[in-house]
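Just below sit the structures, each encoded as structure tokens.
Look at the two complexes coming up: subunit A is in both, with subunit B in one and subunit C in the other.
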Partner chain A sequence: MPANARAGDRQWDWHTPAQRRLRLFGTLATTVFLAWAWTHISSRTTWGFVRDAGVQLQDMGLRMFPPEGSYLSALSRPLVDTLHIATLGTVLGVLIAIPLAFLAARTTTPSERVLRPLALLALVTSRSVNSIIWALILVVLVGPGLLAGILAIALRSVGFVGKLVYEAIEEAPELPVTALRTTGAGRAQSLAFGLVPNVLPVMAGVSVYRWEINIREATILGIVGAGGLGMALQSSIDSLAWSRVSVILGVILGTVVVAEWVSARVRKGLA
Partner chain B sequence: MPTEAARAWRPPPRIANASARRGLWIVATAYAVFALFTVDVDAARIAEGAARAADFFGGWLRPDFFTRWSDIRMGLVESLAMTVVATAAGFVLAIPFGLGASRNLAPAPVYAGCRGALAVFRAFHEVLVAILFVAMFGFGAFAGVMTLVVATIGFLGKLLAEAVEEIDPAPLEALTAAGAPWASRIAFGVLPQVMPRILGLTLYRLDINFRESAIIGLVGAGGIGATLITAFARYEFESVSAILMLIISMLFVAELLSGRLRRRLL
Partner chain C sequence: MTSPEKGYVLQVDDLDVRYSSEIDVLRGVSFALQPNEIVGLIGASGAGKSTLLRAIQRLVEPSSGSVRLGGTELTTLGSAELRDARRRMGMIFQEHALVDRLTVMENVLCGTLGRTGFWQAIRRTFDAADVTEAFRLLDRMGLDGYQDRRCDELSGGQKQRVGIARALIQDPELLLVDEPTASLDPAASVRIMTLISEVCAENGLAAVINLHDVPLARRFCPRILALHEGRIAFDGPPAGLTDAVLTQVYGEEAVEPHVSRRSSDEVDGAD
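Let's look at the complex of A and B:
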């Protein structure tokens, strides 16, 4: 409740004076920062090209239509590759993420001093580097193609899946584990029967959700040479075959929509 | 006849429906076989890459911040400016889209239009949008800003609509009953209920936009990504390593700051 109301002068006010000062300062700082950022962008923009954008869009539209329908058959292989990159990458990522999650969770980690910070660092690093940058690195290491894409998706998924699973492990009730321990079950046994059943739905749900994100990401990894639809897209753009670009964009849109639908269905079934 | 061994306890199957369980195994096995035959891995190329890996990780361990420092600094500042402008513009534009996409506020045609627009904004990966915008607006930061604005509208608009659909309808009803005009109903009946959550999500999006600004540069949309791809193209792995370390540490600091700010807002 605002505190600045006096008897006889009962005007309702949303904020206290201290809040008002803080908000004024925040607004000013944000405005100055925004103004600086905008002038920076503006000074590095060739406005002639921006004014021209409508013409460019029209031009691009004309080149894209009609789409070259016969190119569709050539896309089946890149499409299968894209699905492989997303699916195998997710499977590999989850396989790496689950042990890391057990090391990172405060309730299950074998050593709080050494292994837990290391596992957390691995998860943060994995999450901070975008899959397309992982792909850029891996294309140098294992050569262009499917494998680089699969590994890139896996490396990026580890952080995402690992973080959500370790949080689920920490939030899971400890009572079943304790109960099993008191009956004489070993450490592994008590985790397998007291903890895993509680976090398994989260693991499955998070994996399916990551798979959906990975489908979207796998469609573009080819731009840096990691196989799939992105590779076809890059070569079509390089050869200015815009009527093929529109076909590829259509296939990408269809794939993403279907993947989203599948993922939503499966997660609904899991819940 | 049940023997003693058959009566031993077994954990119940995780998927209760037996045909669903079997179906899942069949699909998984079929896919594994299919993948085994269609994924080809070039062992010779990997062996060749292993030699390069030493080179690469050698560079990784010797980050070089200085040789390309002016380029790296320019890229980072540009990424920062892009992130700030795009998040602010995206936030402002997401509000009408989000309100329009709320079933409890908007009439059916507006609802369908806004939902459709938000779905399209979210369907394509930022890199694909960036390719299109670079062709439209020319190389550089402006195309990047436009890309991030579109992605931000798609993200915040959808979440705003979901938040608005879950609000407590009582304040809104009271305002309507008192005869408040539409703008006042939104300003006093809807926004106070959703703003804390949306501001938190905007901070989160600030974080995402900075991350994304590092990759849309790969296709010519400015920012630190442009510097990164140039360093890659020249095999200057020491600079690549320095850039990635700077990105990771800036994101780490941003995560700490936004976490603190979010706690104060909520």
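Let's look at the complex of A and C:
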């Protein structure tokens, strides 16, 4: 129903007739596409397996239960490794990301033609490869273990932190920087005093948020041999030790909940 | 072109600023300032008032003409000498241009960055004499006891006082003041203008004060410079600002008998 309002001889319409036709066409096209997509998915699904899913779930649940409580003590080492991978990886990533962010931000880059595109390319490359893929590559390069995990987390974090920080730099007010330049301050001084204080909360907030994400990612990196809880998870699944799998999943859940709580508290305090 | 003469604090000769080849923002602007002389710069929005102040500081590069500070020609200076010259001109901004997340004291001491080393400033080990002077200026600004407050906690008038203290700690020969009252209410505007006139008198400073408020300019500036479309349309004492001059500068609406010279609001309407 077209929204419109009449006031005397003047009428106001929310949408023009052309917009109305376009919206009607869009609605029909979306409906047809969804119907087609459903039949396509349906024809490629083995419905027998799906109908069986409830039984399978029950079966797996029974094999996971009761969890093997005594296995918990064997997990303390992988858990600490996971926290180390996430934390050291985040620190390393942030240390690389912040200089890149200053090179990438239009307002602070020393060279818009050369350094800015290179910095942006580095940030995009880092983001476009998932941590687990970085870990696969690094396990080959530096061998399995913690170092591969730390580097994988760092390489993935660079793009995330760098992108958000460089956007914050570009959006920070320019006037304080200009004002400091009029006092005779040099470029580095003007940025250190006129800009950095204004983006510091973003730098800290983004870093803590990335640390929280990295805790989650570090729990699975071990699947490709990069250390931590994921290694224990992989060997338990391989040996069909489902009562251990449930213990590991519980530990991961607890760790992630704690990390999210810490992250939320810290970011709230940064405002 | 007048020849360089001793005794002037600031001498602007035939100054042109062109943002692109088509638009001239300033055309052939010439004026000179004696020590202690306070000039009110008026004109409609877009007449070139802010550009003139920015061109004197070389935040905007003049396309031709000359700007001399004392005996120094500014338009040809290299970057290191320009920094030295900028230290001699204190600039006060419309939106305060403070660094909101730094304290009052840090903002004032930012005025000394031109003569303070980078790491010295980063570690906040400013010269004792500068800190003493900052305390004296805060007392003078009526901000006694505010040194550790963060600037985003201050009112508009208080922020503007911090901005004045930051300009004064440079120990300048000249103040360039860009719309100091634009974000203040009428009473606070008068207080800030009184303060600026007083500190100019106390320190023997010359000032160019860009004002959109003609009554304030009349009241506080013994000499008025009016810009119209980038040219100087009037240069003289406030008594010479006749209706005919104001019509030329702002257009007819600004000088209807019942709105002229009464309050700032009506003059705003001409913008």
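Just so it is clear, the second predicted complex is superposed on the first by the 225 of 271 C-alpha atoms of A that agree within 3 Å, B and C clash if a C-alpha of one lies under 4 Å from a C-alpha of the other, contacts with A are read in each partner's own complex, and residues count from 1 in each chain.
The working rule: contacts are C-beta pairs under 8 Å (C-beta built on N, C-alpha and C of every residue); 3 or more make two chains touch, one makes a residue touch a chain.
None of the values given here were measured: they were computed from a predicted structure.
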Touching partner for A:Arg216 - first (subunit B), second (subunit C), both, neither: first
First (subunit B), second (subunit C), both or neither touched by A:Phe193: both
First (subunit B), second (subunit C), both or neither touched by A:Ser243: neither
Partner chain(s) touched by A:Leu180 [first = subunit B, second = subunit C, both, neither]: second
Contacts of A:Thr107 with subunit B and subunit C, given as first, second, both or neither: neither
When both partners are placed on the shared chain, which of subunit B and subunit C touches more of subunit A: B
Shared subunit A contacts, counted only where both subunit B and subunit C touch the same residue: 193, 197, 200
Residues of subunit B that touch subunit A when the two form their complex: 11, 14, 31, 35, 38-42, 45-46, 48-50, 52-53, 56, 77-78, 80-82, 84-85, 88, 123-125, 127-128, 131-132, 135-138, 140-142, 145, 211-212, 214-215, 218-219, 222, 228-229, 232, 244, 247-248, 251-252
Subunit C - residues contacting subunit A, complex: 57, 59, 83-87, 89-91, 93, 95, 97-102, 106, 110-115, 118, 121-122, 163, 166-167, 170, 176
Of subunit A, residues touching subunit B in the complex: 30, 33-34, 36-38, 40-41, 44-46, 49-50, 53, 56-57, 60, 80, 84, 87-88, 124-125, 128-130, 132-133, 136-137, 140-143, 145-147, 150, 193, 197, 200, 216-217, 219-220, 223-224, 233, 237, 249, 252-253, 256-257
Partner subunit C, residues of subunit A touching it in the complex: 175-176, 178-186, 188-190, 192-194, 197-198, 200-201
